[in-house]
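Chain nomenclature is as follows: A, B, C, D, E, F, G and H, assigned in order of appearance, with residue numbering initiated at 1 for each chain independently.
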Amino acid sequence: MNADTLRKLFHEVRSGKLSPDEAVQRLRHLPFEDLGFAKLDHHRALRQGMPEVIFSEGKSPTQVAKIFTHLAAHHERSNILATRAAEEQYNAVATQISKAEYRPLARAITLHRDRRRYGKGAILVMSAGTSDIPVAEEAVATAELMGNQVQHLYDVGVAGIHRLLAHKSLLAKSRVIIVCAGMEGALPSVVGGLVGVPVVAVPTSVGYGAAFEGLAALLGMLNSCASNVSVVNIDNGFGAAYVASLINRK
Amino acid sequence: MNADTLRKLFHEVRSGKLSPDEAVQRLRHLPFEDLGFAKLDHHRALRQGMPEVIFSEGKSPTQVAKIFTHLAAHHERSNILATRAAEEQYNAVATQISKAEYRPLARAITLHRDRRRYGKGAILVMSAGTSDIPVAEEAVATAELMGNQVQHLYDVGVAGIHRLLAHKSLLAKSRVIIVCAGMEGALPSVVGGLVGVPVVAVPTSVGYGAAFEGLAALLGMLNSCASNVSVVNIDNGFGAAYVASLINRK
Amino acid sequence: MNADTLRKLFHEVRSGKLSPDEAVQRLRHLPFEDLGFAKLDHHRALRQGMPEVIFSEGKSPTQVAKIFTHLAAHHERSNILATRAAEEQYNAVATQISKAEYRPLARAITLHRDRRRYGKGAILVMSAGTSDIPVAEEAVATAELMGNQVQHLYDVGVAGIHRLLAHKSLLAKSRVIIVCAGMEGALPSVVGGLVGVPVVAVPTSVGYGAAFEGLAALLGMLNSCASNVSVVNIDNGFGAAYVASLINRK
Amino acid sequence: MNADTLRKLFHEVRSGKLSPDEAVQRLRHLPFEDLGFAKLDHHRALRQGMPEVIFSEGKSPTQVAKIFTHLAAHHERSNILATRAAEEQYNAVATQISKAEYRPLARAITLHRDRRRYGKGAILVMSAGTSDIPVAEEAVATAELMGNQVQHLYDVGVAGIHRLLAHKSLLAKSRVIIVCAGMEGALPSVVGGLVGVPVVAVPTSVGYGAAFEGLAALLGMLNSCASNVSVVNIDNGFGAAYVASLINRK
Amino acid sequence: MNADTLRKLFHEVRSGKLSPDEAVQRLRHLPFEDLGFAKLDHHRALRQGMPEVIFSEGKSPTQVAKIFTHLAAHHERSNILATRAAEEQYNAVATQISKAEYRPLARAITLHRDRRRYGKGAILVMSAGTSDIPVAEEAVATAELMGNQVQHLYDVGVAGIHRLLAHKSLLAKSRVIIVCAGMEGALPSVVGGLVGVPVVAVPTSVGYGAAFEGLAALLGMLNSCASNVSVVNIDNGFGAAYVASLINRK
Amino acid sequence: MNADTLRKLFHEVRSGKLSPDEAVQRLRHLPFEDLGFAKLDHHRALRQGMPEVIFSEGKSPTQVAKIFTHLAAHHERSNILATRAAEEQYNAVATQISKAEYRPLARAITLHRDRRRYGKGAILVMSAGTSDIPVAEEAVATAELMGNQVQHLYDVGVAGIHRLLAHKSLLAKSRVIIVCAGMEGALPSVVGGLVGVPVVAVPTSVGYGAAFEGLAALLGMLNSCASNVSVVNIDNGFGAAYVASLINRK
Amino acid sequence: MNADTLRKLFHEVRSGKLSPDEAVQRLRHLPFEDLGFAKLDHHRALRQGMPEVIFSEGKSPTQVAKIFTHLAAHHERSNILATRAAEEQYNAVATQISKAEYRPLARAITLHRDRRRYGKGAILVMSAGTSDIPVAEEAVATAELMGNQVQHLYDVGVAGIHRLLAHKSLLAKSRVIIVCAGMEGALPSVVGGLVGVPVVAVPTSVGYGAAFEGLAALLGMLNSCASNVSVVNIDNGFGAAYVASLINRK
Amino acid sequence: MNADTLRKLFHEVRSGKLSPDEAVQRLRHLPFEDLGFAKLDHHRALRQGMPEVIFSEGKSPTQVAKIFTHLAAHHERSNILATRAAEEQYNAVATQISKAEYRPLARAITLHRDRRRYGKGAILVMSAGTSDIPVAEEAVATAELMGNQVQHLYDVGVAGIHRLLAHKSLLAKSRVIIVCAGMEGALPSVVGGLVGVPVVAVPTSVGYGAAFEGLAALLGMLNSCASNVSVVNIDNGFGAAYVASLINRK
């Protein structure tokens, strides 16, 4: 039921073809969902500053390029982000959109057009080890494209607690902190105990043996003895940054 | 947005107070879900013959009695079913509703008022062992209250295949078959291979050790080599009968 | 013990060579299973409209072609379906049977000869995301070859509930609905709540991390709060369509 | 190394007993942690409005009463919260502190003294079913004691999506939403898709069989197709409210 | 189709009422399974020396007594065995059948009537620790009632390998060995390496923590580096003895 | 402590150099294990007819050839068996030992020299599906090299129970039966119920999704409702045949 | 083969009754394990200072008292330790052995007779939370009875890292550290990073939900990013202290 | 806060610019962690004899060479160890550092400069099978580079217990024993029972099917009935040697 149908209905009521009661009846039998314009408008506001996102894994370079180009054309002021992207996928995009950039550590293709600041504070992205950096960098790229001031602090795992403590003031200045950690996934608990802001924990699949592809880190984070920690899926740097960006919204 | 609001809107259009275009705008900004009357009506038809259901586990006898009585009063022609019910819960119900019956094997309290036949064929409920019978009986009670002709065949596990084969004609006459089995959960595969109708498999928590509370049976059924088998949750005799009843609908 | 043996036995009784009692004794010591003709006949009827099926994964193109050709020759009026088939496997088949077709999305090789309608209503195949489409398309191909009217509705995941609601009337017109979903596997519950027909849920291995190759979706579907949902194995689009076709049989 | 020790060190430098270089050396060999006063002060500010919390499970009524009284005396302006508390534990507390209240649904003992508003927006606490209400109520009690405006919306599971949609405006007005759900745990995904604010998902141990004590809901939520969802431990209503309160801080 | 029906059929053929061809047709449409007399006879021989068995867990004393008495009456020469039986269940049986005995360690009620020796060699039942003895004793009781010479060797876990080696000659004299072990379940591998006969391994639920109710022992035994080890379910002393008795049959 | 050392000790006693008491002392402090000759002799008898075995997976063709040749030379009358062998590994062996044969289905390299019959009855090897045949063939090859009469029966899965029943007499003639099955692993239970001999069940990794690489079949078999079933590791056709051969020993 | 048998053998050699060669032959056919005296002597030395230990769980008070008394009598200088002991079990012991003591937090009955110091350094036992103290106290009691200097440090979980750092000098003075932690089990990693001695980690079953009875802590510890951490079973305070005592041996 | 800042502070106190009380205040507000010099010194001592370590898996040859060279230059007297290294990675290192060696079995690149003996006793490294040798060799290489006397004993699995017992004296001479085992992981328990020193158990991922990538061995070792066994992660030969070296320190 689009606007035309609705307008026609009202015209029929106006012209007397249809009594108000008949109109109510007819309206009741129409699929109500098509009336949801307000919802879309409402969402449009909410989505301000949100990037358009492509999950590239399992797609061909051609497919990624096609979707990327389509989104860039139809959301002409939005940022575009392709996550889990390989360099070949970027190359295919770059032939179409010269301003697209590739961030190899983050495995992300970005088209950064809207550079307004939507977040009110700083988002800090931390990693326990160097192997967790790709996940952390995906978070960094995402948070930047969502209009946040982003800082990072890498390789500050709990087995060398002094490296972490040396940066306590950086932690204290952040509005929300993303912590990426594999293996035992203990860093979010320690960080959570040092700060009074929300910590979004990202288990990574870093590790071997009883790490079980990130399961050990995931369970550790869910059982954190720090109460300000919540958790997203294994390796989901994008999701963590998305949540953090919403927390950081003005 | 109830009917009065809608009617008022149309009256304003009719009287010229509001142009059709203005009315469209106003309609767009109203919460659309309140228009969903058709949906409710539609559902009312669908729900014909469906019992009202209470999951009794974890509720006090008083709570069960209160909900049961409430449902019996507000759905005055419907059947009422309380599953996973203990005898004390039934006693509490019986003091209020004398026609309520207790089926101890099924652990079900039933108020059977609508005795019309909604199903077109017969539903056969099978159990592999005697310990699976409570789950099977829950299915029987549910299917009966949903207006089906129900038959059962118990203790026909695969280690005594001749007991099963002796009843092949009964299997052949059923429109849909529910198979309850614990331990290795193999019966649905054998039954599935003997018939050309849908088999709804119910893993039960019967067994010990590596049965892992029904997990072994569940995995077995999901991997059935018979293609006509689908599966519901462990011990979910009610759900199996609900699905089977919908399959059996005229 | 084939028909000849049996006939000979009766002739000997007729001619007086064998007393009825002796015949009973002799019959008792014969392997009873060879008497199962009725069963085969009976099954032949049941199998009307059922395709012959090959699971292609792990087979060489030559093997698939050989089995396909064999089935096509021995079941000359049946449809033939090879699931999980790669394009090379199709090529090997096509050199033998020119009418065989390849459906790349469904990864299926089909020989569609029997085009009669065996199902009485429509089967709707839904997918939550675009990555679930291969599984959904396997279901579509299977259901079509089994003589059903099939419709599909893709990319209507629960995080965008309005896309789903916009098609509620399509849902309402279906006799049985197949829902393919990975990740959290929530779509069958929502769909189940909107309709009064059986929903066959197919968890897919779409997702990463804590999706655990489809386990998360599987568990979600088994615990559906909608009572009209039953579940098949992960990625088993074929099985879901098989069950749905039997439900839909006239 | 307390203030006196430090002061003495500086006096020795001032008096010339110790050269600055010697003082640096001496300082280096002192346990550095005792200097962390600033940290404590800093934390004191952060902790403003935070309740003191007791996890009551596994503690005797006497133990709970003792700790409760101790905390109430030493944090004389703070709110005190005992979670997972049974009525007997409350009774023991109440004999000591008459203003303590018991919230049976939430299984919480509360001493609500600081009634300032620390949160800037509203926190909405939702539950999928009625069985999830105890977890939701724990979240409500916690969020209230942490100085938030709290609203709730219960029994709006995804199998009856219209009940949820009927309250969309309530969702739209919240700064952060807590969603408690057991069984398939699908509600956070649907809610997440309807709003543009952070959703904190709490899997509950509600369900049976393949719910595996909340594992199914947990995995479902971690794999949510909505990007604004993060997750806390099973049944951890307190933790969800703690995170939500920090998000909601002015 | 019992003997009378068959006999009648042959009489009709003899008398000319029915032609042999008609008889073949009629036979084909009868349920074939009822012809399986040979099978039953055959099985009767196989079952010689097999006890009748009741799994007592979850049954009331009255139920156990009823079934026990029934089996004792209908299999008047067979041994009767009730496993997982509590003393109250025995008491109920004993009031009916005075010759029934209770073996508390084995938690078994036995009626030992057929004392013939069906096994040709000795069965040795071993336990790794003292906590595994109940499972081992269930095996001993079962093997004895199945007509075997049974010996046992308890508390010879692998952490004290000399205790085991001191009895190597006993091992060498056995035709088949049952090994019950919890915790790491290592004993079957060591025993398997010392002998040239089949070893039936029974994981027990003895242990705590990462023993996971017998899972650790189960996995250990399935991965035994000794090739002569096969495994039964956790705590299944009965099944192990059943298999061992069949191996030991003359 | 080899024979020479021992002999020297006794000569010293004989010659009076050492008193018997001193000799006992000296003996006590020698490593006792080296005295285990009897054990080796004993084992030599036990090992009669046992093949020498190489697990080829993860070894280079050169390595397999080297070990194979070494074993063939040092156990000149024994059969040699290399399991999990690829064709390249066979080629490397064949250049050294022309009589070695390759059995591609079984993925086995065999050198069959000792053709005596060590087993007293027949071993029947069954498979549920065609995909289970490689595991079954490994069992066949192993059992043959261990001196058994071996028969096989393939593709008799439980969803087509009549195919299995048609061969019941073959089952009845076997002394021990090996059953290989993937997916739900139900065949051993059905077979176990039809015979009175030990059934050795081999779960295979055949299947997908919730088959979890053979876990579903494994759990199914461990929970078999037939008491004469014991289980070996997933895909362990060799181990099953080894156990079966020991059961079948004269 | 005891000393007498051996002595007799040598006497026969000495007297010429037996040639050395015959003696070698005879020796070869004796069960070699009975010669293992040296082993026992050797072990006696090793076991100096080791307590005799009873695992009390699942034993009646009478049984514990009986074993305790027996061990106390036969190992008259050793310490006796009963772990996982309830107060009633202690009461039964105390009536027999008045010097036995009960340590309720550790759930241990101790008879401390040998008070020599066998360890060379100090063992530090740490707990992350107060709920982990029972496991920690079991370790303390065990380590004390094994002759070690033992210190403890409780409630120093990683979410309050300053509490831990305040005690760094205590950590630095220990020869080996036992760390007991439930929930995410992160403490051993942090401790491991602060010290240069072995850390024995004990996961505890403290926690709920996704703690899965200690599994989360166990996995965390196994994946520790600190290289000096090894792990024992969940709740195994005794085992940790046993290992630590051996590390600490002079 | 580095030394200069501190020195300046003291100079200001000395010169009277700052009163001691003001200095205390200022110190309190500085980040305390920068004062941790003592800690570093302390650690420097602890780290004596510790190799610098690179985990090579997932790094390019160039990356490994770069880090290796960097560490070799900055820790000029330390040993350098790259674990999980492929030959190409070694080749890249060797072009820079000619003295680096490759140990292919251990998959380790070593630069062995500090050849002092830091351990007081011998470390024995054992493997159950030949497939476990790579993990064992990683332990050997690590222990050697950490200044220990190292011995090894391979292929002494528990199914051939005599091979193990033949080397009991070697076991008796070791200060700490590392045991690497896959499949059922039973060797540590047997070894633990034979010695009175700590046993560090390393589960390996050797095995197939129900070995579940080392999980079976891991669980087995955690449940060891020998009390002197602690466990590290699957395949973690490095970690085991690290722990063993600390145990073995003088």
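One rule holds in what follows: contacts are C-beta pairs under 8 Å (C-beta built on N, C-alpha and C of every residue); 3 or more make two chains touch, one makes a residue touch a chain.
Predicted model only: the values in this text are computed from it and were never measured.
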Touching subunit B and also subunit H, the following chains: A, D, E, F
Subunit D and subunit C - chains in contact with each: A, B
Numbering shared by both copies at the subunit G-subunit D contact, with half separating same from different: different
Copies subunit B and subunit E - rotation angle from C-alpha fit, nearest 5 degrees: 90
Pair in F-G, B-E or C-D that repeats D-H, with over half of contact pairs matching by residue number: F-G
Centre-to-centre distance between subunit C and subunit A (centres being mean Cα positions), rounded to whole Å: 39
Chain centre separation in whole Å, for subunit E relative to subunit D (CA means): 55
Shared-contact residues (touching 2 or more other chains) in subunit D: 31, 33, 36, 39, 165, 168, 209-211, 215, 218, 222-223, 233-234
Interchain contacts, given as pairs of chains that touch: A-B, A-C, A-D, A-G, A-H, B-C, B-D, B-E, B-F, C-D, C-E, C-F, D-G, D-H, E-F, E-G, E-H, F-G, F-H, G-H
Sites on subunit A touched by subunit D in the complex: 39, 42-43, 46-47, 53, 168, 172, 195-198, 200, 218, 222-223, 227-234, 238-240, 242-243, 246-247
Subunit D residues within the subunit G interface of the complex: 31, 33-34, 36, 39, 57-58, 203, 205, 213-215, 218, 233-236
Subunit C to subunit E touching residues, read off their complex: 3, 6-7, 10-11, 13-14, 16, 19-21, 23-24, 27-30, 32-33, 35-39
Residues of subunit F touching subunit B in the complex: 128-129, 157-161, 165, 182-186, 189-190, 192-194, 207, 209-212, 215-217, 219-226
Sites on subunit G touched by subunit D in the complex: 131, 162, 165-166, 168-169, 208-211
